[in-house]
Amino acid sequence: MMLNQFLLLAAALFCIGVYGVLTRRNGVLVLMSVELILNAVNINLVAFGAFQDNVMGDVFAVFVIAVAAAEVGVGLAMVLLMYRNRKSIDFTEVDMLKG
Amino acid sequence: MEFLQEWGLTLAIFLPLVGVAVMMAFPKSDEATHKVIALATSLVVAAIGVLLLFDFDFDRADEMQWAVSHDWIDIIRTQYSIGIDGMSLPLLLLTMLITPLVIIYSWNHFPEPHNPKAFLMLILVLHAGMIGTFVARDLVLFFVFFEVVLLPMFFMIAVWGGEDRRYASLKFFLYTLFGSALMLVSFLALFFLAGGETFSITGLADAVVENGVSRNAQLWVFGGMLLGFGVKVPMFPFHTWLPDAHTQAPTQGSVILAAVLLKLGTYGFVRIAIPILPEAAVAWAPWIGLLAVIGIIYGALGCLAQTDMKRLIAFSSVAHMGYVMLGIATLTDWGINAAVFGMVAHGLITGMLFFVAGSVKERYHTLEIKRLGGLLVQAPRMGWILGFISMASLGLPGLAGFWGEFPAILAAYNPANGLPVGLFRVYMVIAALGTVLAAGYLLWLLQRTAMGEPSEEFANDPHITDTNREEWLAWSPLLVLILVFGLVPGLIFNVTDDAVDANLSDCLSAGDLDSSVKGSFDIGLCEREGIDEALAQLNVAIAGDEG
Amino acid sequence: MSLLTLAVEAVPEVSFTSEANWFLENVWIIPLLPALSFLGILFFGKRMPKGGAELGIAAIGAAFILAILTNVAWLDHRDNFDGVAESKLHGVVEDSHGEDHGDEDDHASAILNVDGVAEDVTLTALAEEGGEESHPAVAVLKQREWLVNGGVSFLVGTLLDGPSVIMLFVVTMISLLVHIYSTDYVSGDRRYTHYFAFLSLFSASMLFFVLSSSTLQLIAAWELVGVCSFALIGHWWEEKPNSDAALKAFLTNRVGDIGLLVGMIILFFSAGGTFDITTINEKVVAGEISQTAVTWAAISLTAAVMSKSGQFILHTWLPDAMAGPTPVSALIHAATMVVAGVFMIARLYPVFWQGYAISGSSINGLAIIGAVTVVFAGLLAFVQNDIKKVLAYSTVSQLGYMVMALGVGAWTAAIFHLFTHAFFKAGLFLGSGSVAHSVHSFDMKKDMGGMKEFMPTTYKTFIICSIALMGIFPTSGFWSKDEILVGTGGFGVGAEAANGSYHLMLVMGLVGAALTGAYMTRAIYLTFFGEFRGHGTPHESGPRITIPLIILSVFAIGAGFLNFPPGFLTGSAKEPSAWQERFGHFVEPAAAYFPAISHSVPSWGLAIVASVVGLVGPALAYFYYFVKVDGLAKETGEKLTGLPNGLTTTNGLARTGHQVLVNKYYLDWLYQGVIVAAVKGPIAKAAYWFNQNVLDEVVNTAGRSSVRAGQFVYKNIDQAVIDGAVNGSGQLSTNSGQGLRKVQTGKVQQYAAILFAGATILAGIFIVLV
Amino acid sequence: MSAAVLAQVVPFERPPIDWHAVAPELILLGFGALLTLIDAVYLERGRKFTSALAGIGLLAALVPVVTLAIDGNDRYMFNDAYVVDNFALVMKAMFLLSGYVVVLLSTNYISEGDYWENEYYGMLISSVLGMIVMASARDLITIFVALELLSIPAYLMATWRKRDLKSNEAGLKYYLMGVFASAVMLYGMSLLYGVTGTTILADMGEVLNTGESTSVVSLAIVFVIAGFAFKVSAVPFHTWAPDTYEGAPTPVTAFLAVASKAAGFVALVQLVFVGFWGRGDVYEPLMWVLAAASMTVGNLVALRQTNMVRMMAYSGIASAGYIMAPLAVAGVSGDVADEALRAVVTYLVIYAAMNLGVFAVILGIARKTKSAEISSYAGLFQYAPGLTVVMTVFLMALAGIPPFGGWWAKFVVFRALVNADTTMGYSLAVIAAVNSVIALYYYLSVLRTMWADEAPDGDVTPIRIPASLVGALGLTALATMAFGVYPKLVDTVADVSLLVGAGG
């Protein structure tokens, strides 16, 4: 009963995140959208963990959070690099390599 | 000898590769070393061949000798199993003979781009592959060597070939690869159909029976092999790669191609396809025969239409391999003996023809028949050699060519039981007709290249000299053998006969047919009147003599 | 068994023979000699003082002597044989087989290994095994194993009996004379050495041929002589016509060889898988082979005969073969090789005897071919201005006689005619050569005439040989031709014993006789009479040319006395005396492998008729040329060439006839212009077109091929093929590849979209499906 | 309050750790740290020996792997979350070796480019660390961590040439796709956890085996597999590969094409054979689709490539298809599954050898031509016959021509497919066969360019190849030939099974 609401929330977050990733031109926003997806995952994990009361879900969530931090760190570094080299963080401009 | 019996063939296969390895160690620049190493290697291999010849027990020619068998890849029951019997011996020796000769011939005739190191290395790799194919007794092993041969030939054509080399080489490669892909598929199918127990040729022959492989399956598998080997032979509709490959390849390439590579296909038929799948063989034989005779006439006509000497010779190969295939199609040991003889003869003769063509090209810088002429005037010896091998090639009795042709034609009069006699007799007549055409194009070639006065274009060209030392060295063995085998055909027939018979009677035990693929012609003859009474009389008489 | 014994194993010796003397035992030496000399000349000829000629002559000379001794020995052997009351032969079997043989080998080789040194065995194996009674066999047969195939061993060896013995003599003798003659005739030739080398090779092959004991051997030798003739016709190959003639000869013969191969194969199998001549013959005689098989064999072999022995419609190569040096024409294209066909019939006579049901029929393929050839070739000889062509056609016509004789069952007569013909025809050729040698031309009309003053010896010998050819009493030609005519048994001639009554053949034979006389008279007139129309002053040839001529003309007269018909001079037709039918007795095999042919009884009547007819021809010709034309020439002072050509110009019918003859019945036109041209041209082209357009195209998409095939020349096709064959299934694939690349836009978010879409769609599918 | 909370906490006792089992990881960890330390301390002066050190580290880590292999018995830790069995060992060895080869490839390339070098090796090592962890990971969390551990350094390495736009783009795309894919995958994982209540694959397998099939499970499985399908660049998750391969530094490309792809497969097989074992109905058709699509698309697009690296990217996509193919029949039965697994492992091992070889050659040639355009390879045979021959060996191996390694890899795949004797198996086999012909064509045309054409600028000065590169070439070429001529080598190592974990 309780569970479904969490899952729905997570699903919604997930969809929003995906939407952001696919449509946002601004790099930083894209990264944030990714974060949304990860948080959706976290909500799922914690909810399930609580529901089945074993700690694995929480552990998993913690790991995800930690890793997400690292990922975003790298991501921001890249956006920075991009800004440095081409004075823009619009992902749609990045298409030298194709075919 | 014990050592050789255990290791001889393995050495023969791998020594060339060792040679290659050694050659790698030397810089491209010192060609002398490379030539010496290459020649030495091939000669050592040839020496092994000679020892084999002396050690070979001709009474047991029907058994595998110098046989070796070790596990190779257990999980698919593939073995490294090699050996020699009367059927493969002649071909093996032919290979071992041709390669050194080619190297000798190359000594000062390296084609452009000049790069003896790579060229000789490729030849040695080829050598290993060819030997391996003839001694392999395991399908996977056979397949591997069969493929090994492809690449070196591909590069030989692609790098040292003529104008159109890129096209010719790729065509050659894709054709043959297409063929061998089908071959592999049918090998695998056979393997699984026959219970997935073994890849060994003899083993499969039995397994096919034990597992009662359905007739349909056999037909399909045989069809796959037919394509695979047929492309290599080449049989009629699949031959179109041959003229291009031959015309474009450097002389040495053409020689090896004609002398040995084409035989891999026909050898596959007699060694693998027919013994393992006799029933399917009977079903396919009429079609094979048909393609064969078409090839005979067709190749001959092709020759008559050619304007380029080398291309003409190439087409003549199509015709001659047609006789070989016809012999095989009869499924009688007459026919197959003839086929094996035909392979050797064609190897020697056509190899020679290509050698000469190469030397002519080298002197005249063209092979356009209408521009040539008067070779007998400018280079009499070479001219006579050309005449000699033309005669041999058109199947003159007393020279090797005849013994490949005549027995095949003869066998077609009376194919194995279960084959349509009338049809094969028609084939026989057509094949006989082919001999006329053969004489036609060869003499015609001879007349227009060798006879007559030299065209003023070359009338007094200093480069046109008579046969030189390397050429004599490289050619004389072939010429002698062409004559010797022509006069004493027993040298080959007596060796192959038992082996062929064994292979065919294997079919009998294996095929479990309504006495269909009865091998030797005299049994095949039983349908017709005559022989059985004769034999009966004989036995009576013999008994009488003893009593 | 190891390699070393392999060579031996290939040739275990087996021999069946009466206790014959050394010469009969070792007759194989005779062909061996010239064979060796061939190699000798080939390798060392150029270094020899006489360019190898001496070696050749020495070899053939030795062979000749051996041949004579063999003949003597044979004579003796033959008579002893009759002495043997219970006709059995002593069999000696040297078996080097050992026991080391597979089963299927044993019964096969048992055919030969009827072991037991003291065993009494008749000539041929199966007769012996069968234990059936068999005719006395006089032949001497020695064989060795040549090869084993299909578990059966095949033999090579020498079968020595009447025909082969006599051929030994003829071949070696003519060959010897020709050798000697050539040393002068072709002296200083550009390829003197090669010339003699090939003469030797030819002699060897021909001797090998006549001694063959198996059909396989027969085929081999048959081809070999063909090659020698090819090489010698094309001796001066710098000139295209010569090499053309050589090719024509070889190819025409090859056409016949199809027949040979097929025929021999049929015999091989129907005789139960053997090439052994005696076995085959015996089985045919014994009627163990179905009539159909024999008939087919006979027919196919006839084709071979037609090409080799220049029978009508396949004869056209023979006149062209005159492109070769004259001595060659004498040896190969008159005396020896061209009779190979005849000899082959004689060898396998039972086959033809049965196949054509010669006895008792009144017409059959062989006879008709022979008869037609006699007449048609005779007619052709009229319109030739080249003296060698005249002789060539006359050769064809004479061969026709022989074939006809065999066709009507006059076996002995055929051989006898072969024998005599060899001498006088060789004489004529060499004679013509001698003339041509001095006038440097073969054209009778332009460059000859009145030669009798300049070269008396040649003239005399030529006349003698011509008379022999015309068959005028008492020269050899008369006897042999008469025998043939009798043999036809037409109109009840020699009826009591004739093998059949061949009226047509008799008539044709007579007509032929008349023609022969006529055209020879013409030739003689044009060559030796009238006034000299050539340039320079011709002179008699040297001894090396004239002596052979003399010898030959002696034989041309004398050879005929060897075979007086019974009832001539002494004795009666019923029981011949020692001298009568000596030849027949000498040559005719008395063995299980020879059919029971009956001998016609000669009739004086026919002899006279024949002589008369034989004289009519010459008479008319004499009247026309020596009287009319010669007179005309005298009064007009015109050279012969300028004269109106009598009949043929006045009478329309004659003119057309003349035309037809000049064009050799348009046969050459048919062969060269139509058949060969077609094969070399359209047909081959078509096939090649098929190759390039259809097949290659099939490799690429079959669809496009059918559309394009027509309008593309070869190169374009290749281009097309590159695309097709190389890309294989591929044009399509590369295109689709191209299409797929479009997806790769480089826009990362589109990638992400694809990724997510992929995931969700797949997920959707599985959620629905699973 | 908080005291009360603490009071509830059960006293924590450390789970037993088998140090021998984790020795390889620890060694790598040590070397990684060491490298970073050196970088921090010596800065530039570290350049000289870092690469050597990295190499040594990788080889050193190989030692315990070998000892473990000799010891032979499987080891389980953290209630089966971390397993060291044969499969794990084989894969670890392969990762370490290919890592070593990559070091060889990198040595000159990196030191000659004017970028920091020490981090590079640090990254490399930690990425390899991630991989060898992945080899033993048997629960979702470990798999996830391992995945990120091997990916994140890879992103950075791809971006290594900072000032080069292409390199940036390559890294960026790789990164973005990577995180997106792993996010999707995580979502799937979370659902799985929700359904099964465990992250341990073995347990999960049992639950899924018994539990009824719900659409959630299907969704989850698809999402998870999609995540790794991205890693192995299977169509339609391949889009990043060509761009990244082309833009990234070539040694990194080699690393991605071999090692990280292999890592992806390791995860895949573990999931399929242990986690999803019961759900063949889902993953079999899924794998079928992915395999078929990858082979076909990869080969077709490769036909039209003009850039060698890009072509290799597509050929890599195609081979991903080949490797996946056996998984499409894995569920038929235990034996088939084992055979399928062996096929995968065999293919991975051989593929590593020949693919690294190709990249080694590409590097070698690029040293002269400074380009990876196929057209620039023209006439190579004239001035660099050695490279040409080796390249021929590798490409022919990839095309599957005996006796070069590749034929055996293809052979086992075919055998696995045919042996399964299911429609899916046969149909895939046919598709694979057709594809290998297409593939042959583009490999051949490269060879033809190298052997038959004239050098573009007639410049035929030979190429100087540094020792390390020669070493790499030698190793890979030797391996390729050896595998081809004596496939038994591979069979022995590939003789592994995962089913024990899943209890059949």
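Note that the chains are named A, B, C and D in the order they appear, and that numbering of residues resets to 1 at the start of each chain.
As a convention for this text, a contact is a pair of C-beta atoms (placed from the backbone, for glycine too) under 8 Å apart; a residue touches a chain by one contact, two chains touch by 3 or more.
Keep in mind the model is a prediction, meaning the values are calculated, not measured.
Participant: Between B-C and A-C, name the chain pair that shares the greater number of C-beta pairs in contact.
Facilitator: Higher C-beta contact count between the two pairs: B-C.
Participant: Where the centre of all protein Cα atoms falls, which chain's Cα centre is nearest to that point?
Facilitator: B
Participant: Using mean C-alpha positions as chain centres, tell me how far chain B is from chain C in Å, no decimals.
Facilitator: One centre to the other, that is 34 Å.
Participant: In whole angstrom, what separates the CA-based centres of chain A and chain C?
Facilitator: 99
Participant: Report the inter-centroid distance (CA atoms only) between chain A and chain B in whole Å.
Facilitator: 68
Participant: How many angstrom lie between the centres of chain C and chain D, each centre taken as the mean Cα position?
Facilitator: 79
Participant: Send over the residues of chain A in touch with two or more other chains.
Facilitator: Residues 21, 30, 91, 94-99.
Participant: Counting only residues that touch at least two other chains, what does the list for chain D look like?
Facilitator: Expected reply: 172-173, 176, 180, 184, 242-243, 437, 441.
Participant: Residues of chain B that touch two or more other chains: which are they?
Facilitator: Only 170, 174, 178 qualify.
Participant: State which pairs of chains touch, listing all of them.
Facilitator: A-C, A-D, B-C, B-D, C-D
Participant: Hey, which residues of chain B end up touching chain D in the complex?
Facilitator: Spelled out, the residues of chain B in touch with chain D are 28, 71-76, 113, 115, 117-118, 143-144, 147-148, 150-151, 155, 158-159, 165-166, 169-170, 173-174, 177-178, 181, 185, 188, 192.
Participant: Which positions of chain B touch chain C when the two form their complex?
Facilitator: It is residues 53-59, 164, 167, 170-171, 174-175, 178, 237, 240, 244, 297-298, 301-302, 304-306, 332-334, 337-338, 374, 376-377, 391, 396-398, 402, 406-407, 409-410, 413-414, 428-429, 432-433, 435-437, 439-440, 443-444, 447, 451-453, 488-491, 493-495, 497-498, 501, 520-522, 525, 528-531, 533-535, 537-542, 544-545 of chain B that touch chain C.
Participant: Which positions of chain A touch chain C when the two form their complex?
Facilitator: 18, 21-23, 30, 91-92, 94-99
Participant: Given the complex with chain C, which residues does chain D contribute to the contact?
Facilitator: Residues 172-173, 176-177, 180-181, 184, 213, 215, 218-219, 221-223, 226, 230, 236-237, 239-240, 242-243, 281-282, 285-286, 289, 297, 299-304, 434, 437-438, 441.
Participant: Along chain A, where are the residues that touch chain D in the complex?
Facilitator: It comes out as residues 7, 10, 14, 17, 21, 30, 34, 37-38, 40-41, 44-45, 47-49, 51-52, 54, 56-57, 59-60, 63-64, 67, 70-71, 74-75, 77-78, 81-82, 85-86, 91, 94-99.
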